[in-house]
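Below you'll find the structures, each written out as structure tokens.
Presented sequentially are two complexes of chain A, the first with chain B as partner and the second with chain C.
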Partner chain A sequence: MHLSEGVLEWPVLASAAALSTFGVGLGMRTLSQDRLPTAAVLTAVFFVGGTVHIPIGIGSVHLVLTGLLGVLLGWAIFPVLLIGLFLQVLLLSFGGFAVLGANLLVLALPAALVGALLRPVLRSMMTVNRTSVSLRTAMGLGGVSAALSIGGSILLVALLLWWSGGEQWLSLMYVLSVAHLPALLIDAAVTALTIGTLFRAAPDLCQRLLETPEHV
Partner chain B sequence: MRISQSGVLCSLILAGLMGGQAHAHGLRLSAETEGDRIVGEARYIDQTPLVGVSVQLHRTDQGESDAEIGWQSATDAQGAFRFQNLPPGHYQLRLNDGLGHQAKVQLELTPSASTSRVWSSAAPWQLRDLVAGLGYIVGIFGLLSVWMSRRRSRV
Partner chain C sequence: MFDVSASGSVVKADERARLWMAILGSVLIASMRDFESTLAAFLVTLIVACTAIFAPKMSLPPLRVGRVGRRLLQINLLSIFIWLTLPWGWTVSQGWSWQPEMATQAAVVTLRLNAIVLWCLVWLSQMEPQVLASSFRALGAPARLALLLYLTLRLLETLTSSRKRLQRAMRARGSAYSLLRRLQGIAQLLVLLIAEGVRRADIFVAALRARGLDLQSTHFYLPSSVSRPLPWRQRWTFTAAIVLLLVAGWGL
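Coming up: the complex of A and B.
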């Protein structure tokens, strides 16, 4: 899902960086001090999760986990992914510094929007049933959040590529879309299991995370 | 039985660390000049070869008008490629795997039979890079926490 340097034109890079900066500012307003430990752990999960590659045919897909982060963090996913992506560029050679803003926008925006959509649903469910939401519901919402987040990211990548070169990047858009369909399914399964487990095992933590408003 | 919150979150990190590293992002393009030939190979940073990917070679010392002069080859099953019968000069080797990863290196082909080797900057990452990253994350969020504490105490 990481775009490399040299693929996007500078107006696209600048616009994406500006929007990402706005997103980071928005996210920092929702990132209170008591949420920092959770945000740090989820940053580590994202940073390491990107290195877990699952062989599919002749290629491989890797975990993205933005759906999970979007549901648990809301708009705070922007600063969290900024740190995760920065370290991935610095230490693992994923993407590039010039394209950091675009990669942040592509990964964080759909997940933040999905979080804004699903967090109130989960919150209302937890208010009705104090113990926890049912495992099936949590897993279902987790899977949906991952599928929508990655689907949104694929669309956003296609949009940025189209803006950068139009038909020149048609084949890349097609390859990226097809290549990420298995990633979408695997990520949805992993996110569903993780959300399901978290909501069953640590409802207090989930409730505290969901209490933070997604609108700032 | 109730599982502690920190236990759940730590298990998430451990699951990531134990998941293996079958393939990885980023690619490394290396090339060597041998007389009138350029040979090289392209691999992802976990050493998986790029198979059947187009490699472009362009002159860089003949001005804008000759920017289109170029050669094309493709990587084999081992990720290797070669260009032959090239005139001396400065070249740029470019590769794009069609998945958003690309690399380029500059080469100089001299009339003598001397060889030189170049490679793109993406080096294979190792476990210590992951550990370093986790350390940075702890440090960054620690600093954020201190900054938020001070800001709150001022208010």
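Coming up: the complex of A and C.
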């Protein structure tokens, strides 16, 4: 899911960085001091989750978890992913500094939008009686949030590549999109199961993660 | 986590300067478009990396050949995709055909990719995580963002070791038979990591408050290594390097 250094042209990089900076500013407004420890935990989980590889056929996919973070954090996913991606550049050589803004935009924007839509629904479901129906609905919402987030990220990657190189990059766009489909499916399943486990086995923790106040 | 084991030479450059050099160099190389300048940038970074590997007595942080090789191998997986797609064009009359100008573009992308990774490896190897968080703040990042990085770094080591421990335990209980069982196991692992992380973060924040540090405060603790001003010689070297980079970037 990460764009590597050197692929995008500088006007695309600069525009993506400007949009990401705006997103980080928006996210910082929702990230009160009280939410910092939880946000730090989710940043670390994003980083650690990225190192979990699931073998599929002869290859393997790693978790992206932006859908889960979008639902749990809302717009605060921008600063959280900024730190997560910064650490991935430094520790794992995923992405790079020049392309940090583009990668942040690609991963955080769809997840933040999906989170803005689905987070209030999940939060309201936590306050009513939790039945098996609401559990399945919560799992479904989790899966949908991951699928939409990663699907949105794939579209944004294609858009940035198209802006950078035009139709010459078309075949690379197709290859990258198809290569990310297994990651989308796996991430949707893992997010659904994680939301389900949080909902069923750790409702207090789920409530704490979801019910933090937002000020935007 | 960071490569701090090779202690053959003292890393003399200030961490703030190193972080800036890595970021500025990356941005500059990323802005290069033609083959000649990108090749020149790649050769320069290759020479700098070779100096760091084979002449560790110089003030550059020492690098290990194996580590550099592994990183280059990882990032060049994308280059393979690029070379398999970009230089090839399809027309109904000719079928697949090799396009030299697109091959040049693929070469530019590959050279940029490798040059930036080498450049960052040179400047950022052997940097301690806590110093990194402080450098981040010292370079002007908002206090809350630096605190988020600091808290994350404190939690990373715990969660990484917890992940390994829990995965070992799950494997021992035979949770990796089918894909569904494996995914359920991963979901449980994530919930356990979140719960463990929240518990640790609460303890950590309580310890910070007990020591008189308030999260509500905008002040952020900086170790003396990065809160002091840069020594004049490094300041001038650093300024000269930035000016050179900017002039080179302008010329390109």
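Quick note on the criterion: the second predicted complex is superposed on the first by the 198 of 216 C-alpha atoms of A that agree within 3 Å, B and C clash if a C-alpha of one lies under 4 Å from a C-alpha of the other, contacts with A are read in each partner's own complex, and residues count from 1 in each chain.
Throughout what follows, a residue touches a chain if its C-beta (ideal position, glycine included) is under 8 Å from a C-beta of that chain, and two chains touch if they have at least 3 such contacts.
The structure displayed is predicted, hence computed values, not measured ones.
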{"item": "Clash or fit, chain B versus chain C on superposed chain A", "value": "clash"}
{"item": "Touching partner for A:Ala40 - first (chain B), second (chain C), both, neither", "value": "both"}
{"item": "Chain B versus chain C as contact partner of A:Leu82, first or second or both or neither", "value": "second"}
{"item": "Between chain B and chain C, more extensive residue contact with chain A", "value": "C"}
{"item": "Touching partner for A:His62 - first (chain B), second (chain C), both, neither", "value": "first"}
{"item": "Touching partner for A:Ala18 - first (chain B), second (chain C), both, neither", "value": "neither"}
{"item": "Touching partner for A:Glu9 - first (chain B), second (chain C), both, neither", "value": "second"}
{"item": "Which of chain B and chain C A:Thr194 touches, first, second, both or neither", "value": "both"}
{"item": "First (chain B), second (chain C), both or neither touched by A:His53", "value": "first"}
{"item": "Which of chain B and chain C A:Ile186 touches, first, second, both or neither", "value": "second"}
{"item": "From 26-34, 134-142 or 188-196, the chain C stretch with C-alpha clashes against chain B", "value": "188-196"}
{"item": "Shared contact residues on chain A - chain B and chain C", "value": "4-7, 33, 36-41, 43-45, 47-49, 51-52, 54, 63, 83-84, 87, 91, 93, 171-172, 175-176, 179, 194, 197-198, 201-202, 205"}
{"item": "Chain C to chain A touching residues, read off their complex", "value": "1-2, 22-23, 26-27, 29-31, 33, 71, 74-75, 78, 81-82, 84-86, 88, 102, 105, 108-113, 115-117, 120-121, 124, 127, 132, 142, 144-145, 147-149, 151-156, 159-160, 163, 179, 182-184, 186-191, 193-195, 197-198, 200-202, 204-205, 215-216"}
{"item": "Residues of chain A defined as touching chain B within the complex", "value": "2-7, 32-33, 36-41, 43-45, 47-55, 58-60, 62-63, 83-84, 87-88, 91-95, 171-172, 175-176, 179, 194, 197-198, 201-202, 204-205"}
{"item": "Footprint of chain C on chain A - complex, ascending", "value": "4-10, 13, 24, 28, 31, 33-34, 36-45, 47-49, 51-52, 54, 63, 65, 68, 79-80, 82-84, 86-87, 89-91, 93, 96-99, 165, 168-169, 171-172, 175-176, 179, 186, 189-190, 193-194, 196-198, 201-202, 205, 208-209"}
{"item": "Complex contact set, residues of chain B against chain A", "value": "2-5, 8-10, 12-13, 16-17, 19-26, 45-46, 51, 98-102, 121-123, 125, 129-130, 132-134, 136-138, 140-141, 144-145, 148-149, 152"}
